[in-house]
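Paired with chain B in one complex and with chain C in the other, chain A is shared by the two complexes that follow.
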Partner chain A sequence: MYLDLNIKGNNYDSDLILAKEANHWGWNHISFNYKNNNYYNASAYLDQIKKNFTNKDFTNKNFTNKDFTIDLRCEISNNNCNQIQKNIRNFRPKTKCLSVLGGDSKVNRVACENIKIDILSRPYFKRKDCGINHVLAKEASENNVAIELCFKDILNSYLSYRAKLLMYFRDIINLYRKFEFPLILSSGASSIYDIRNPIDLTYFFKDIGLKDDEVLNSISNTPLNILKFNENRDNLILKGVKKIEGFNET
Partner chain B sequence: MKLKILPPTLRKNNRYLAIDIKSEKEISKDELVIATWDACIRFKGECETSNFNLWVMRFYKLKNSNGYYHYKAILKCQRGFENQVRSSLSVLTKLKNHSISINTLGLSGTISGAISKYIN
Partner chain C sequence: MINAKNIVYHELIGLPINVYKFNNNYLNKTGTVIDETKNTLKVEIVGDDGNVSEKVFPKKVSVFQFKLPNEEFVEIEGKILLIRPEDRIKKRYKKI
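Let's look at the complex of A and B:
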């Protein structure tokens, strides 16, 4: 099962085309990534996308995917830590997947320390290092915050900048092996030219240095765990304590 | 004088990748050859790419749809390097300043197998 939690949402038409393309290439689940400002507009037409989306459109027998789900993800992008905390409080109950766009060292730290955040997206964004050190890696591991590597950053760069990005990816992978925080691989696609076959994507990340099981976890199990965990998040009272509905005390 | 063909045991073993190409602008087979070689050399380097033994065997133009040019092709590569070719092709995004994307449809041991399974 392949899940892509980062496909850039734009408007109804482009989202529908991207969803069809992702289905065609064998993805089982995609989440359209919207910034916190546009999240409410997007949630208005998500149901319409789901309704219009029919598997009958696809003729390619090898890649047609019948169990295909679409969802939204809210991405907080702000350099002000107080504003981020405010946005987290505001958006946490309304979305199944909440992420913070990294890059700034303070933002990376705030994201890794907050248990309410699911994903720290692109901690290396506009930086001259990978954006994560052993301290943040430990925090991310304790708070179960996933670190996201975005394939589109590789696609949009070339020569020395691409080489540097690959170096940052490897640095994050090394920390992932040591501290075992959740790692997520995503496409970050904003057009049909950015969507790739999930198997091609796995081979790319294997070439970088991830092992078979690590790639499978990052592209399948970890995103699935995040979505499942968030379905029951309302019932969590404390860390490790969950309210079970329908439980009879007598 | 033409060289004698190598006996089968000494020949290189090949695999055939069926690929799907979406391009913003119309491309020819020659341009695809340049694009695949360029992608592999850029991503894997000259030394590694020399092992790939890349050849575009077949090139099919499909009907245009959704505002892009759609093609399929059969690409020959050396056995054991298929995954590296796949990953190299997946990072190709631009050809002559126009967007292009290459996805792998599948892998086969023969050209006819690849055509019957992934092209038709």
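Let's look at the complex of A and C:
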């Protein structure tokens, strides 16, 4: 099962086209990534996009997945740490997947230290290093904050900048092996030409240095765990304490 | 009154308990808590044949399920209870 948690959402028409294309290439789940300002507008037309996938036009194709699901993800992008804390409190109960756009070192730190955040997206964004060190990696693994690598950054960059990005990816992968924080690979697509086959994506990240099981975990298991964990978030009281319906018998 | 929100700050002795997991394996031993130390919980278990036995479970590797007096059920990872019971009220827990 392949999940892409980062496809850039704009409006109803472009989202529908992107969803069709992702479905065609074999993705099982996609999440449209909206900034916190536009999140409420997007949730209004999400149901209409879901209804369109019951049409026969799409289900007759050879490559389509019939169990295709769509969801929204809220991305907080702000350089002010206090404002980020406010946004987290505001959006946490309303979305299944909450992420913070990294880049600034203070923002990276706030995101890794906060247990309410699911994903720290692109910590290397507009930086001259990978954005994560051994301290942040340890915090991320303790608080279960996933670090996201975006394929679009490689696809839309050239020459030395692309080489440096590959270097940052390798640095993050080395930290991932040592500290075992959750890692997520996503396309970050904003047009249909950015969406690739999941198998192409896995082979690209294998070339960078990830192993087979590591790629599989970060493209299917880790995103699935995040979505499942957030479905039961209402029953969680503290870290390690949750309500249940009765004594489990297995 | 003890409930799901304040159970980690509360007294555990006397509550019905199910030791759900032990060392990542399913165990399902049901009984009553009769004693607590920093690292262990002592549970009184009544067997199928009516024999009563006391067993000590380490907190670090176990997952416990408690039944509260208001008929709520709560699952707690033993790792977060690794503190002396009289000091547990001082500890700050992370809110999710």
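The working rule: the second predicted complex is superposed on the first by the 237 of 250 C-alpha atoms of A that agree within 3 Å, B and C clash if a C-alpha of one lies under 4 Å from a C-alpha of the other, contacts with A are read in each partner's own complex, and residues count from 1 in each chain.
By definition in this document, a contact is a pair of C-beta atoms (placed from the backbone, for glycine too) under 8 Å apart; a residue touches a chain by one contact, two chains touch by 3 or more.
Please read all numbers here as calculations on a predicted model, not as lab measurements.
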Contact-wise, after the overlay, does A:230 reach chain B, chain C, both or neither (first, second, both, neither)? neither
Could you say whether A:38 touches chain B, chain C, both of them, or neither, answering first, second, both or neither? neither
Between chain B and chain C, whom does A:154 touch in the aligned arrangement: first, second, both, or neither? first
Considering only touches as defined above, state whether A:244 meets chain B (first), chain C (second), both or neither. second
So in the superposed three-chain picture, is A:192 touching just chain B, just chain C, both, or none of them (first/second/both/neither)? first
With both complexes superposed on chain A, which partner does A:25 reach: first (chain B), second (chain C), both or neither? first
Chain A residues where the chain B and chain C footprints coincide none
Applying the document's contact rule, which stretches of chain C touch chain A when the two form their complex? 4-5, 7-8, 18, 20, 26, 28, 30, 65, 67, 72-77, 79-80, 93-96
In their complex, what parts of chain A are in touch with chain C? 115-116, 233, 236-250
Contacts from chain B onto chain A in the complex sit at residues 22, 24, 42, 66, 68, 83-84, 86-87, 89-91, 93, 99-101, 103-106, 118
Show which residues of chain A lie in contact with chain B when the two form their complex. 17, 25, 62, 154-156, 158, 191-197, 199-201, 203-204, 206-207
